[in-house]
Amino acid sequence: MSWTADEMMTIAAARRLHDGLSCFVGIGLPSTAANLARRTHAPGLTLIYESGTIGAKPDHLPLSIGDGILAETADTVVSVPEIFNYWLQPGRIDVGFLGAAQIDRFGNINTTAIGDYADPKVRLPGAGGAPEIAASCGEVIVIVRQSRRAFVDRVDFVTSVGFGRAAGDRARLGLRGHGPRTVITDLGILEPDPGTEELRLTHLHPGTTLAQAQEATAWPLTAAPTLQRTEPPTPDELQALRALT
Amino acid sequence: MAQVVPLADAVAEVVHDGDSVALEGFTHLIPFAAAHEIIRQGRGGLTLIRMTPDLVYDQMIGMGCARKLVFSWGGNPGVGSLHRFRDAVQSRSLEIEEHSHAGMANAYVAGASGLPFAVLRGYRGTDLPGVTATIKPITCPFTGEELTAVPAITPDAGIVHAQRADRRGNVQLWGITGVQKEVVLASRRSLVTVEEIVDTLTPVPGAVVLPSWAVDYVSPAPGGSHPSYTQGYSVRDNAFYSAWDAISRDQSTFLSWMRDNVLSQAAGTPPPPAARAPEAPGNHA
Amino acid sequence: MAQVVPLADAVAEVVHDGDSVALEGFTHLIPFAAAHEIIRQGRGGLTLIRMTPDLVYDQMIGMGCARKLVFSWGGNPGVGSLHRFRDAVQSRSLEIEEHSHAGMANAYVAGASGLPFAVLRGYRGTDLPGVTATIKPITCPFTGEELTAVPAITPDAGIVHAQRADRRGNVQLWGITGVQKEVVLASRRSLVTVEEIVDTLTPVPGAVVLPSWAVDYVSPAPGGSHPSYTQGYSVRDNAFYSAWDAISRDQSTFLSWMRDNVLSQAAGTPPPPAARAPEAPGNHA
Amino acid sequence: MSWTADEMMTIAAARRLHDGLSCFVGIGLPSTAANLARRTHAPGLTLIYESGTIGAKPDHLPLSIGDGILAETADTVVSVPEIFNYWLQPGRIDVGFLGAAQIDRFGNINTTAIGDYADPKVRLPGAGGAPEIAASCGEVIVIVRQSRRAFVDRVDFVTSVGFGRAAGDRARLGLRGHGPRTVITDLGILEPDPGTEELRLTHLHPGTTLAQAQEATAWPLTAAPTLQRTEPPTPDELQALRALT
């Protein structure tokens, strides 16, 4: 079976979600990956959407984070203040799943504006739940297609904090979660260097090269000493993904 | 006690030029019929407050109702941009005050609670405090830890949609309840549009009840959340959300759509058949 | 994921000497069976936290479990005094930290929210800030108004009673829900005792659901809220609350009652027939 | 029909509750009076208990503020944090109904301790919901039997603020409600002097005298220039009260 780069990206993201975890899900690719994990190796994954739906088990992919199917299949539906205050903020949720318009070498995310904030070249949707998901979840997985436009040296606007500007910044800011430990792209997987907390390439998806990944990154991307090759999608994974979308 | 009155009358009482107005509904129960009536009544100079501007404020911004927008996520969920919002911001013709969802949700809670501010673990390390004056640090008087404060949101007018009300104006809503209760309680004047008026509010799991004496106006507006939805009465018109991208990309196409589908309609007119939700109303729990 | 285990095992895991312990339930769903098991296991040096100490803490204080009490209203509702509590305070053998209901409810909310403190309009002008160190002024960074802060309550152990749980440990409770959710979420370790374990948690209007992964232990304890009650399973044993006045007035009468009705019982033993609620369990909604 | 002083007190209190108001009800005499009002002239009175029951319509008097009958008959039941934060604190509730162990000439209430707080002669139950009810309700009605022990010049402990120590204190403290505008006893009714905010006698119940009321008050109690006689209980009122208790 052949597959697209987006399919590989989604499957690689789904694999990072283990059974029994709780996952705060953004819309789009994160939702697809989280629902794929629940349909394959992680049936006990708890999906939490910022609309207040805890334990949603949709039988089709929702378009928005507030589609009726999420409320109808949830273990419980709580108010929006409650989902942020009682569930996200105290660090109860294991994994946050985010997208990004721009992401920089320290995993900081921009979803606010390209260019100057007051006079933007492109106005993006803004923060939504992302800043607090990035701050409070046990760890964050970012799913984003790799390109020089998206993978920048420094984001134009810090909407959600990754590792700040240097190792130790998260602790200095009082952020409780471990931050963006995994950035999954259509080319491979980036993870922070344990010392500098700068993102470097740890996995290449089948058929991609380090040069390709470096070409799609606006900072001098380095590879981890243990650079690995992602396992290709299995037929089961592809089938489950295609049934979902 | 809430007054149960026709939508046009309620909107005229509740929304005035220059008001701060919050039309809420987190994806679910967005009060489109009320927004359309505000547009038809020609209100202007409004400060529009909403976590997710969604199509409802894209329409109000495009029609020139807004002077300022207070918001936390301005996209078309699962589709892309809100073009009227985006154009207005990029052309600097709309003042914005920008928060995160957590910040706005807590600001509504403070408003509903009669407090001047709320405290949260939020915004730290982001660039938002640098561009939004209503985000300030606050220190815990017991631990010395620094947290973040946001001021209460207390709109002049708060409007939400709900499943139903009884004849005395007690309101019942269920499904994704969002910040519906908070916005009604935080607002100086409130209006709830409902799918139907019933004799008795049979209890429903997960339902929020707003007692009549905590609401100012209730107006019947069947189908009034379309293209958003009302759990038990309709499903989200995802096709319409997708189609909106093309309708709204260009101001003249947008204006022509608004003329045909909003301005020329009377208050309470159901949405055009092509854009209605596939599920028939009435299958409530 | 919550572990579903017998009550004696859960109490042994959750409550240790010297812990801060909150057994909550606002009149309704008070976890008496768990309290009795704590007494039988001989725990001591506890900081007991509860808005209304009620008979449950009168018993624990009288049995010498407590070093300190954090509370907001220490009476026998509708009857009079809590004699073991009153004697302990009047003899200065129990340290107290005293709040209002609003202060404690908000302190639990802060605990559940992962915040170090909560803000309220409360206590101003009263003598409580003068005697309770955990009440401090805080100034709104936007308006300059002075309000009141209380620190979060984050008990070592939080215990509540509920109607039922499923086999995976998801908990469902309804009726007066009090601060049940907050205390479970605010505590380092939590235990929920339930009337019954069921296959499926059928939705119930007004019900709160605590997902299994937010609870540490669930233990079956049918009748475990007596003489408090469990909506749908039992009614409040008001006669017992009235009778407690005479039982507890004198320490020796009290001790003899505790010996006969608590110490000599095994964990999970239903209350003595004479003191049981008149309504049979099982008529739930 | 004859009646007791407690019956007169309860009926006088019930009469102060008008139809359409919302009333935050404490347990004991306040609950009896509020339920009596709802059964007689004020069927549209909304009863709110601190247990979170809004619009309770009990068919018998509850012993506690959390009896099952309150939840079963309520328009809605909310959590205890919500009842205090969303409903009481913003000043949404018209009338608060309180009891007292001690009350002083400025309507301040003590339900905490008689004697020294740290070494009390009598330890009382404490604050409960009273401080915030006294602060935030539109106005407060206090129901308490009149005696020199209860009606003191200055309470030993201010659990709930009435008018503080002088006119204008409530505004200085930022308390939003109008405070204890009515104190109903078994002898008569006290209301604050519009100038000094000191409580003075405005009504005597049938068969009582000013001297009696003064004798039962530890401060020099004065009568309002318009001192009136309370209307005696009607047979309907007495019948409804006796059916309730």
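By written order: A, B, C and D. Residues from 1 in each chain.
The rule is short, and it goes like this: a residue touches a chain if its C-beta (ideal position, glycine included) is under 8 Å from a C-beta of that chain, and two chains touch if they have at least 3 such contacts.
All values reported here derive from a predicted model rather than from experimental measurement.
Trainee: Going only through chains that touch each other, what is the minimum step count from chain B to chain D?
Mentor: 1
Trainee: With chain centres defined as C-alpha means, what is the inter-centre distance between chain C and chain D in Å?
Mentor: 28
Trainee: How big is the gap, in whole Å, between where the Cα atoms of chain A centre and where those of chain D centre?
Mentor: 57
Trainee: Indicate the whole-number Å distance between the mean C-alpha point of chain B and the mean C-alpha point of chain C.
Mentor: 39
Trainee: Among the residues of chain C, which ones contact at least 2 other chains?
Mentor: In chain C, residues 109, 114-115, 120-121, 145, 181-182, 206 touch at least two other chains, as defined above.
Trainee: For chain D, jot down the residues that touch at least 2 other chains.
Mentor: In chain D, residues 76, 85, 89, 136, 176 touch at least two other chains, as defined above.
Trainee: Can you give me every chain pair that touches, using the contact definition above?
Mentor: Pairs flagged as touching, ordered by label: A-B, A-C, B-C, B-D, C-D.
Trainee: For chain C, which residues count as touching chain A in their complex?
Mentor: Those residues of chain C that touch chain A are 1, 109, 112-115, 170, 181-182, 185, 208-209, 211, 213-214.
Trainee: What part of chain B is in contact with chain C in the complex they form?
Mentor: On the chain B side, the touching residues are 114-121, 134, 136-138, 140-143, 145, 147, 149, 151, 203-207.
Trainee: Within their complex, state which residues of chain D touch chain B.
Mentor: Per the touch definition, chain D meets chain B at residues 20, 22, 46, 54-55, 75-76, 85-86, 89-92, 136, 176.
Trainee: Write out the stretch or stretches of chain C touching chain D in their complex.
Mentor: By the definition above, chain C touches chain D via 26-28, 51-52, 71-75, 77-79, 81-82, 85-86, 89-90, 92, 98-102, 105-106, 108-109, 120-128, 131, 145-146, 175-179, 181-182, 206, 229, 231, 235-236, 238, 241-242.
Trainee: How about chain D: which of its residues touch chain C in the complex?
Mentor: My answer: residues 27-28, 50-53, 62-68, 70-72, 76-77, 79-81, 84-85, 88-89, 112, 117-120, 122-132, 135-136, 157-161, 164, 169-170, 173-176.
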